[in-house]
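Pasting the structures in now, so scroll down.
In what follows, chain A forms one complex with chain B and a second complex with chain C.
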Partner chain A sequence: MKKVFINKEVDVNEEGYLIDFNQWDREVAECIAGECEIVMEEKHWEVIEYIQEKHQNSEPLSIRGIKKSGVINIKEFYGLFPGGPLKKATMIAGIPKPKSCI
Partner chain B sequence: MKNLIILGAGTAGTMMANHLEPKLSKNDWVITIIDQYKTHYYQPGFLFLPFDIYTTKQVKKKGSKFIPKNVNYINTKVDLIIPEENKIQLENNKELTYDLLIVATGTKIAPGEIEGMDGPMWYKNIFDFYTYEGAKALRNKLRDWEGGKLVIHITEMPIKCPVAPLEFAFLADSYFKSKGMRDKVDITYVTPLSGAFTKPKATKALHYLLEEKNIKEVTDFNIERVDYENNKIIDYADTEVAYDLLVTVPTNMGDQLIERSGMGDDLNFVPTNKATLQTRDYENIFAIGDTTNLPASKAGSVAHFEAEILADNILRYINGEELKEEFDGHANCFIETGNGKALLIDFNYTQEPVEGSFPFPGIGPLSLLKESRINHMGKMAFRWIYWNMLIKGIHIPFVSATMSEKGKKIKESQTLN
Partner chain C sequence: MSTKVRKMLFILSKATIENVYAAFVMANGARMEGIESEIFFTFFGLEAIQKNKLEHLRVATVGNPALHIPTMIGGLPGMEALATKMMKKEMEKLDMPPIGEFLEILSDSGCKLWGCKLAIDMFHLKKEDLIDDLDGIITIGDFYNRANEDGTQMLFI
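Up next, the complex of A and B:
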């Protein structure tokens, strides 16, 4: 599925997650965030960078991991990405949402 | 003489002892396996124990039965691994040195990670079924439970056997139906993920199971604490789920030995090369099964496929050859759906479970991602296979260590995770 953000066309799956991380940049992230009614500020970017790094190292993402990250505590994480924070933060970060095996 | 030490005599460690014993020269190598416990549990059986489908006797045997005679089997707790000195310290202050170490200490539940979970109501109306003790206590509870709100809950990922909580929900539905009290039980499945199913193909093929069995889903629930006085679980967004009986999968963590030895990540899992199974930090230490931080399922089938590949890589390492980057994350799991039926899934790091036939392409007899009675018979037969073939390191015919794409409807599926 194709999606156009400002001037850039990206490939997303049916849930709106980027399929190719190479198409990710901060503008794309801001557009996705906008659709989730989130305005990106410095703290948001810190979290996004942290979870991208985790993903690159093939480390599983969890709320507990966020707690130990030193970047943010969990209440703040919910404050920055209201609703499903991991689900939304991964979408904005251009990486797959946390999944199980089926 | 050189020393090869295996830490942990569970599924993975026992398989490695059986694989390596005939392959290593007895003139050059001494193999030792160490486990603090004398009992070997058939862990997939813990799912059936609470429902009186299996007896306690069917899920445990003496560990020594499965360790080859030429392997030293030591039942002692290990205090520390000192990788820089190629040494391990045992509880009795004895030290052993190794030339090659295989860590297979597995994963354990850590209910103490969540406030209120293992408090005064632990094993009263809050249970796990990932331990022998928990599954047995839950069986006794269910035998005379009169009904109410049953909440099946996953604390956080990753967990051992990610499908087990779902199977528990399906089997609970069947169990209460057969007891003629399904109308008295309200079943809710609570997960930190976005759904009980999270992969597109599986969601499409299987979501009907929840509807058909009237199992409610609460998603994106990240537990903060258990309010055991008022019987509810509360998440970080202040969402509350009330229970009369809470069956939870607590946080899963690697053994504390890994933490004490400074060899693990946040959850005490050992950073391991996902294709060779060599640990990332020490070239003469390998890790297998639930112990690793691999992005594969923590499941016996994964350990089984890893064992075949790791045994070859150990021999390559000993001969000074380059390790083979062969492990692809292959997992193969039966999923009980209740009423005498089951599903089968076969997948790896990059290929999500899809429909098809297994192990013979186009023939089966097992069907993938689809409920069938023969799949259930496969799951029941698996207990025999486990005790008599799998942990003894006997190759299971027609099932290869790496995943085969044959017989799978892969085309339309998304291979990118």
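Up next, the complex of A and C:
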């Protein structure tokens, strides 16, 4: 599925997650965030970088991992990405939706 | 969000580890999907929110055919502890948090945790015996009133 953000065309799956991380940049991220009604600020970017790094190292993402991350605590995480934080943060970060139940 | 579920209310009445984790995983899973969740701890479920008991919950090795341990052997001293240890080890591999940490995660995630007034009175428990993250001690009537929006589901465990 193709999706056009400003002037850039990206490939996404049926849930709206980027298929190719090479198409990701901050503008794309801001557009996805906008669709989730999230305005990106410094703390959001910090979290996005953290989860991208985790993903690159093939480390599974979980809410427990967020608790231990040292970047953000769980309450803040829910505050920054309301309504399913890990789901939304990964979508904005341009990486696949986590498969974990925890 | 395509699901029509907006709020999940759980009544946890048991203290065997698999039941407690079932409630916790479902309540946490709801929050992670943007669904509200709350847990009402009653009867033996109260063990999961008692400070000095919550890390000592066990798997039942008697009357649990799915464990495939003959009942007479399951009843031997130390069997429950052994089975529990093995199960906890497997859970740790999957990065499942211990009960205490899981309760913190739930509370921080916005899952409301309630103690059942009747059961707390029955077991002569005091507020100090229960975890600090508890949102309150309420009646079942109060809990029904938490089902205040369309798309609320209630589960008894």
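Observations
We adopt the following convention: the second predicted complex is superposed on the first by the 99 of 102 C-alpha atoms of A that agree within 3 Å, B and C clash if a C-alpha of one lies under 4 Å from a C-alpha of the other, contacts with A are read in each partner's own complex, and residues count from 1 in each chain.
Just so it is clear, contacts are C-beta pairs under 8 Å (C-beta built on N, C-alpha and C of every residue); 3 or more make two chains touch, one makes a residue touch a chain.
Since this is a predicted model, take the numbers as computed values, not measurements.
When both complexes are overlaid on chain A, the residue A:Y78 reaches chain B and chain C alike.
Within the superposed three-chain arrangement, the count of touched residues of chain A is higher for B, of the candidates chain B and chain C. Look at A:R64: by the touch rule set out above, it reaches both chain B and chain C.
Of the two partner chains placed by superposition, chain B and chain C are both touched by A:K87.
By the touch criterion defined above, A:Q56 reaches neither chain B nor chain C.
Of the two partner chains, chain B is the only one touched by A:K99; chain C is not. In the superposition on chain A, the residues of chain A contacting both chain B and chain C are 60, 62-65, 74-75, 78, 83-84, 86-87, 100-102.
On the chain B side of its complex with chain A, the touching residues are 113, 156-158, 162-163, 166, 192-194, 197-200, 202, 206, 219-220, 222, 224, 236-237, 251, 265-267, 274, 293-295, 297, 331, 333, 335, 345, 347, 353, 414, 416-417. Residues 1, 25, 28-29, 31-34, 94-97, 101, 104-105, 108-110 of chain C are the ones touching chain A in the complex. Residues of chain A touching chain B in their complex: 13-14, 19, 58-60, 62-65, 68, 74-75, 77-78, 83-84, 86-87, 96-102. Note for the complex: chain A touches chain C at residues 60, 62-65, 67, 73-75, 78, 82-87, 100-102.
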